[in-house]
Amino acid sequence: MATKRGLKIATIGGGSSYTPEIVEGFIKRYDELPVKDLYLVDIEEGKWKLDIVGALAQRMVEEAGVDMKIHLTLDRREAIKDADFVTTQFRVGLLDARIRDEKIPLRYNCIGQETTGAGGLAKALRTIPVILDICKDIEELAPDAWLINFTNPSGIITETINKHTNVKSIGLCNVPVLMHMISADILGVDRNDVRMDLVGLNHLVWGRDVIYKGESKIDEVIERTLSGNIETVKNVANIPWGDDLLKSLGMLPCPYHRYYYLTDNMLQEEIEAAKTKGTRGEVVKKVEAELFELYKDPNLKVKPKQLEQRGGQYYSDAACNLISSIYNDKGDIHYLNVKNNGTVDCLPDDSAIERTCYVDKEGAHPLNVKPLPSKVKGLLQVVNEYESLAVEAGVYGDYDAALQALVIHPLVESSIAKPLLDDIIKENLDYLPQFKAVVESGRVK
Amino acid sequence: MATKRGLKIATIGGGSSYTPEIVEGFIKRYDELPVKDLYLVDIEEGKWKLDIVGALAQRMVEEAGVDMKIHLTLDRREAIKDADFVTTQFRVGLLDARIRDEKIPLRYNCIGQETTGAGGLAKALRTIPVILDICKDIEELAPDAWLINFTNPSGIITETINKHTNVKSIGLCNVPVLMHMISADILGVDRNDVRMDLVGLNHLVWGRDVIYKGESKIDEVIERTLSGNIETVKNVANIPWGDDLLKSLGMLPCPYHRYYYLTDNMLQEEIEAAKTKGTRGEVVKKVEAELFELYKDPNLKVKPKQLEQRGGQYYSDAACNLISSIYNDKGDIHYLNVKNNGTVDCLPDDSAIERTCYVDKEGAHPLNVKPLPSKVKGLLQVVNEYESLAVEAGVYGDYDAALQALVIHPLVESSIAKPLLDDIIKENLDYLPQFKAVVESGRVK
Amino acid sequence: MATKRGLKIATIGGGSSYTPEIVEGFIKRYDELPVKDLYLVDIEEGKWKLDIVGALAQRMVEEAGVDMKIHLTLDRREAIKDADFVTTQFRVGLLDARIRDEKIPLRYNCIGQETTGAGGLAKALRTIPVILDICKDIEELAPDAWLINFTNPSGIITETINKHTNVKSIGLCNVPVLMHMISADILGVDRNDVRMDLVGLNHLVWGRDVIYKGESKIDEVIERTLSGNIETVKNVANIPWGDDLLKSLGMLPCPYHRYYYLTDNMLQEEIEAAKTKGTRGEVVKKVEAELFELYKDPNLKVKPKQLEQRGGQYYSDAACNLISSIYNDKGDIHYLNVKNNGTVDCLPDDSAIERTCYVDKEGAHPLNVKPLPSKVKGLLQVVNEYESLAVEAGVYGDYDAALQALVIHPLVESSIAKPLLDDIIKENLDYLPQFKAVVESGRVK
Amino acid sequence: MATKRGLKIATIGGGSSYTPEIVEGFIKRYDELPVKDLYLVDIEEGKWKLDIVGALAQRMVEEAGVDMKIHLTLDRREAIKDADFVTTQFRVGLLDARIRDEKIPLRYNCIGQETTGAGGLAKALRTIPVILDICKDIEELAPDAWLINFTNPSGIITETINKHTNVKSIGLCNVPVLMHMISADILGVDRNDVRMDLVGLNHLVWGRDVIYKGESKIDEVIERTLSGNIETVKNVANIPWGDDLLKSLGMLPCPYHRYYYLTDNMLQEEIEAAKTKGTRGEVVKKVEAELFELYKDPNLKVKPKQLEQRGGQYYSDAACNLISSIYNDKGDIHYLNVKNNGTVDCLPDDSAIERTCYVDKEGAHPLNVKPLPSKVKGLLQVVNEYESLAVEAGVYGDYDAALQALVIHPLVESSIAKPLLDDIIKENLDYLPQFKAVVESGRVK
């Protein structure tokens, strides 16, 4: 990595409404992380957003008075060439695709969510061809670059990259960051004095322990979680866990565990929401429209407060922290999606896990995990194999793998797997080049 | 094992309606398997059945003219003392308990089945204390005896015995035997020329291949299974698999897989049946009553045809075959529940698996299994961890383990886990000594 | 496999002095194993031997009156085309190479043996390019054929085939067969009533148990081995084990274990023998010359008694037994070299192990192995990794792998690894095409 | 751990000549690591040394003006009670035992070394009963204390503690620290900017990489190691590795690897040294005598320079660093002996490995290790199983385990295992209470 010259960073999906957060992150850290060139890349359909958000980024940089050049481009290869870091925050098919991911399963009385369950499979199938394409560019144009992936489903995407490319990559999610923050807040202590012993898959991660200055505080955090009414991520309804569930678990579930542990309640909530305020995607679509209106304001020169309503808060901050730890060889702790490689002994070596990691210039070193109990192992393993099938389906356009992915998924009743999959394929066909042959064969009804 | 004197066999639950089948099995094999003493043991409540079925057994032996002594007893220790083989076919709580296992889950719109899902957990919790008791007797009175276990849930019971006793034990089920027979029949070939490459857990076992004279016939068997309307076990509704499911699986599921692969259809069928003809347990109760009427007939001197309607056919035949293979050091192939010990590499060593085994006088040697694909692994692993939690719950009366067992079970929606578990415990309390303390603590609502 | 027409078998290295044994084996089993065409293949240098032994084979077949056609050919592809079984018994570089394998290490005061230690590495390096060539022919011309490999070092060759070709292959050795026979003889019982629980690597295999009619007899066999003076294989000096060694082991070592357990004694014996009667290779060379003189006798129409002095007795018989078990789907027990695939849990899945196997038309199924104790594991693992390095060195001509193979080998003192390896390469260069580039680079001194 | 009050530390073997180094370490770090009570414990035979070194420690503390109380005691339980950390640096049988460990193997023309090979086994057998005794005290009197073990053989002792006690323990060695320092010096860079990717067993540890500011420098370090003449540890003769060995290894061996990679050279050097200057133990005995003379000087108030000739330099510094990292929850990198727990996938979970670790208040978290190549795995595994047998032998007085430990050890020719072991037992019998019964049985000749 070039340490003499300033850093070049390419952000794929640069027209995203999140961009002001990452720009703010780079500005704040400019002294330790001198980003000289920030390339915001998008595709033709996203150009109008790129123009708006890019102009805001430009104003933010000027206001801060840092020497960072903002480049707006539709030429991904130009952006990637010789980059030190590539970050991804694109969404194939935009929010309309997300809304479909939510609504198609609901037709079958099945959880509709953009990352978990059938919706997550749809999103994975759309995203995999694009991420493989990006990786080809990185392999050719910036083989030493780190790919910091925010794009969901983050675990499946990380696993795809690890299994099918030579790109050095780390997956990132704001969920563990939020779990960390909330735990510290529950304990009423400084967030910097806390570390979580966190393990699982992306959006299926358990906090085995919350360590405050070396002392285990998990029991206290669980106790207070039960008595309080803790806000978590914006994307997931905040239904209470119930005393017995949480105590018999003895760990802190992540917000997305509600889909697994409180399935019916979550489904009812989704159905109700869909009828009234709209699905989460529909809500976000409105929030986004408002954000872009805000962003257009030429007097706006900082990240607006309202972005925090968007749902992915702290994502970009986590990314900037990670990039800085690598760049500065910091040797500190992050929660990341990485290749398992024996860390969790009941999962295959080449699976992507989410884990407390030690990070230095070489990248992320997951900390060793003690054997997991059955209550965690079973769920972890079945979802992990679902993810493995999703990767196979996404990379090869393998219909059988996609079908079996839904068949074994705990949130999909098997009888509906086939019609549900067929709807997903048919309604996303523009984004599923790998499934064209299957569709032509007539297998998709 | 005594090879000079004749064999002593103790059958726990000897008053069962199945007994005539096992007696017939011993009679047929008398030349190679000289059973001199057959002890039929039962408990006080089952004495009337033991008397009826014991008298029939006596008539069968006389009719056959073999030198086998039938002993009827309520003294289990007398029966076990110095036995060469102990077989178990008891049902804790009798058919009324089974009917509860079916009906309690149905209240929650959840599959109600005596071995699979919540009903299976209930049955496991009732059975574990009794089997541990029996094993203590065997350890003391017949430490070299083989325990051949038919009692369901056979996998969980085998795992309990392996983890918590020193008894040499093998679990047995008629499902693989039926899969073998049906496959041979589908192919139109002699059943003796067929061997299945079968792997999984009890009632969750896949036929990876059907080998006819060394040739793989799995594709042909699947093809014909799809086009035909194959009868399988009596206990499971015969709903068609669907082409896509079976082809994408590429293996032969066992009949009980319908609960996992066709959940809603099976549930609807159960609900309908419960309303009309009664649950399977209720049907069986009638069949049993009729059987015992038949058995009373002093002119009946052979196993009556009608027993085949009962559901567990070939069970006893499989047991006699297994006993003979061990006794005669035959070195032939059986499908058995044994300790995994590395056979299936994605499951713990101490889990009980169901697998094609080579059997000789030393017992059952499971044949090595090639790595399983994700579509099988995921489901296998989660159900296996459910079983592991069921063992823990059953042995220690661990409420948290029982709750988490239901929480991770693919057939139980997690939101209902707690009330469902509480109903199970409350309505089975007479048979759950290990849960008394939990109930007294007030945790069970 | 063709079951209607008769079998075609190709024997590579058909000019070997062992050939009369395999021919006798096929003649004896003609009723159950109708070999119609036996192709004996050799290379130009071996033509004179092929002519002599081929003529004897022809006379043996005529004498026996069976309808088996003997084909003598130098065209390997003709022999392999559509064969049902291919057997290999060739020796690259003939006995002169073996004598070098014995003598080069002795220069360094190091065990010189054709399969174990540095000599075995030399033999592996010579043999691997040839076996890969043969496998290419099989893949093209007889993809369904079974390759039954006798060529030493049998474990390394089996591992090479499994790792680098698609050929269905089983490795065979007479050592376990002899251990079985000797154990039965020690017990004074019928060899057919005995089965060994045997596990390890080729020429490093332990008898964990000797089972006679289902009863463990290992203690008795060890006891009598210590008190008696048991003859084993011809190739290995019969030095006594010592009471403490054998009792603390608690298993039956194979004769080749003497190189590991009695290293110095064996080395002294070798040095002495080399000075007086010659190395084993030199002795065998004389025996072979005498055998071929015998074979020339036109009145000789059966396998001559003297062949038993040759050293590899029962090899061919074991091969014929194995071929018949596969062909007839027998379902019986053999001791074979197969892919580990989780059987021995402390070795990699793709290593070749030697193990008690169940054999049917699908091939060899190794029986599950209980966890091995440290005393066995450590030695097993280091020799297994030596073998893995030998495969790498042999396939890729990787000098570093070859050097490290000797460095970690328990029988090679590391200081001499480099000069010893360099001597091996220089003196075998005609047979090591894969090492030409390394030699040209000047690394070999 | 008490964070309010000052720390209490108990040093077992406090009369050691190393003690001034650890005292200096605590003085230097007093601000961050306020050791209020340092208990130096020794046994009756070591009282004269404890008095001398204790008085020096007292003068050092006074000279430094820190508020640390030095307690000299023969009462181990008083010292351990409520300690925060217990460090061990005792030597059972003193230097005379070490000299025997060196000389007994030499009689058999076998490497004689206090930690590696037969000498190491002897030391392990003497040390294990004592460490188990100490651990019983810790379990009772200071269950939350960390045991920081310097006592050799450090890996075997750590494994013993982990397998047979509940004490929280970390093993420490100066070898990795020296490898780190030397690598930094070779590169000419600041030692704080370097981190090693180090993995193996104690005294059998490989540097897979040397990372300087995130860049891999292993090739450069190897290159310069070959061209230079690098001093390493005092205890091991500095014989050059040879180009081919080191390049084919591609990693940095530890100094003790010379016993494995250059066995004969090391043996010749030992034999020569024994004849001329004496064994290492004899040399150290003289150095120690001189040191204690020095220590007596009432004007000496700091650690004398001459201690650096002693051999174990940086040991105590490493220990103070480790203690401070735990106490202050530092989250930095150390090289430590810890339970494997899946870190190295080819070793059992309960083995002790030496590995780059992340250390915080919870203790040591070994960083995940990528699969090791065969050249390392084989040697690692056989030595690890030797260690496992040594633990078994030491804990249970198991003669067979001890014999097999030597039989499989790469540095012990198996033929001499029994007489060598018998000599070890007979000549150490005063320190081997666990072997009394075996000796009485007459098995030891």
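Note that the chains are named A, B, C and D in the order they appear, and that numbering of residues resets to 1 at the start of each chain.
Assume contacts are C-beta pairs under 8 Å (C-beta built on N, C-alpha and C of every residue); 3 or more make two chains touch, one makes a residue touch a chain.
Note that the coordinates shown come from a computational prediction; the quantities given were computed from them, not determined experimentally.
Student: If you check the contacts of chain C and chain D, which chains show up for both?
Tutor: Neighbours common to chain C and chain D are absent.
Student: Please compute the C-alpha centroid of chain B, do the same for chain D, then give the distance between them in whole Å.
Tutor: The answer is 55 Å.
Student: Cα centroid separation between chain A and chain D, in whole Å?
Tutor: 45
Student: Where in chain A do residues touch two or more of the other chains?
Tutor: none
Student: Identify every two-chain combination in which the chains touch.
Tutor: All touching pairs, sorted by chain label, are A-B, A-D, B-C, C-D.
Student: In their complex, what parts of chain C are in touch with chain B?
Tutor: 1, 3, 195, 211, 213-215, 326, 329, 331-333, 341-343, 345, 349, 358, 360-362, 365-371
Student: Using the touch rule from the top, collect the residues of chain A that touch chain B in their complex.
Tutor: 242, 244-245, 247-250, 260-265, 346, 374-375, 377-379, 381-386, 388-389, 392, 399-401, 403-405, 407-408, 410, 413-418, 443
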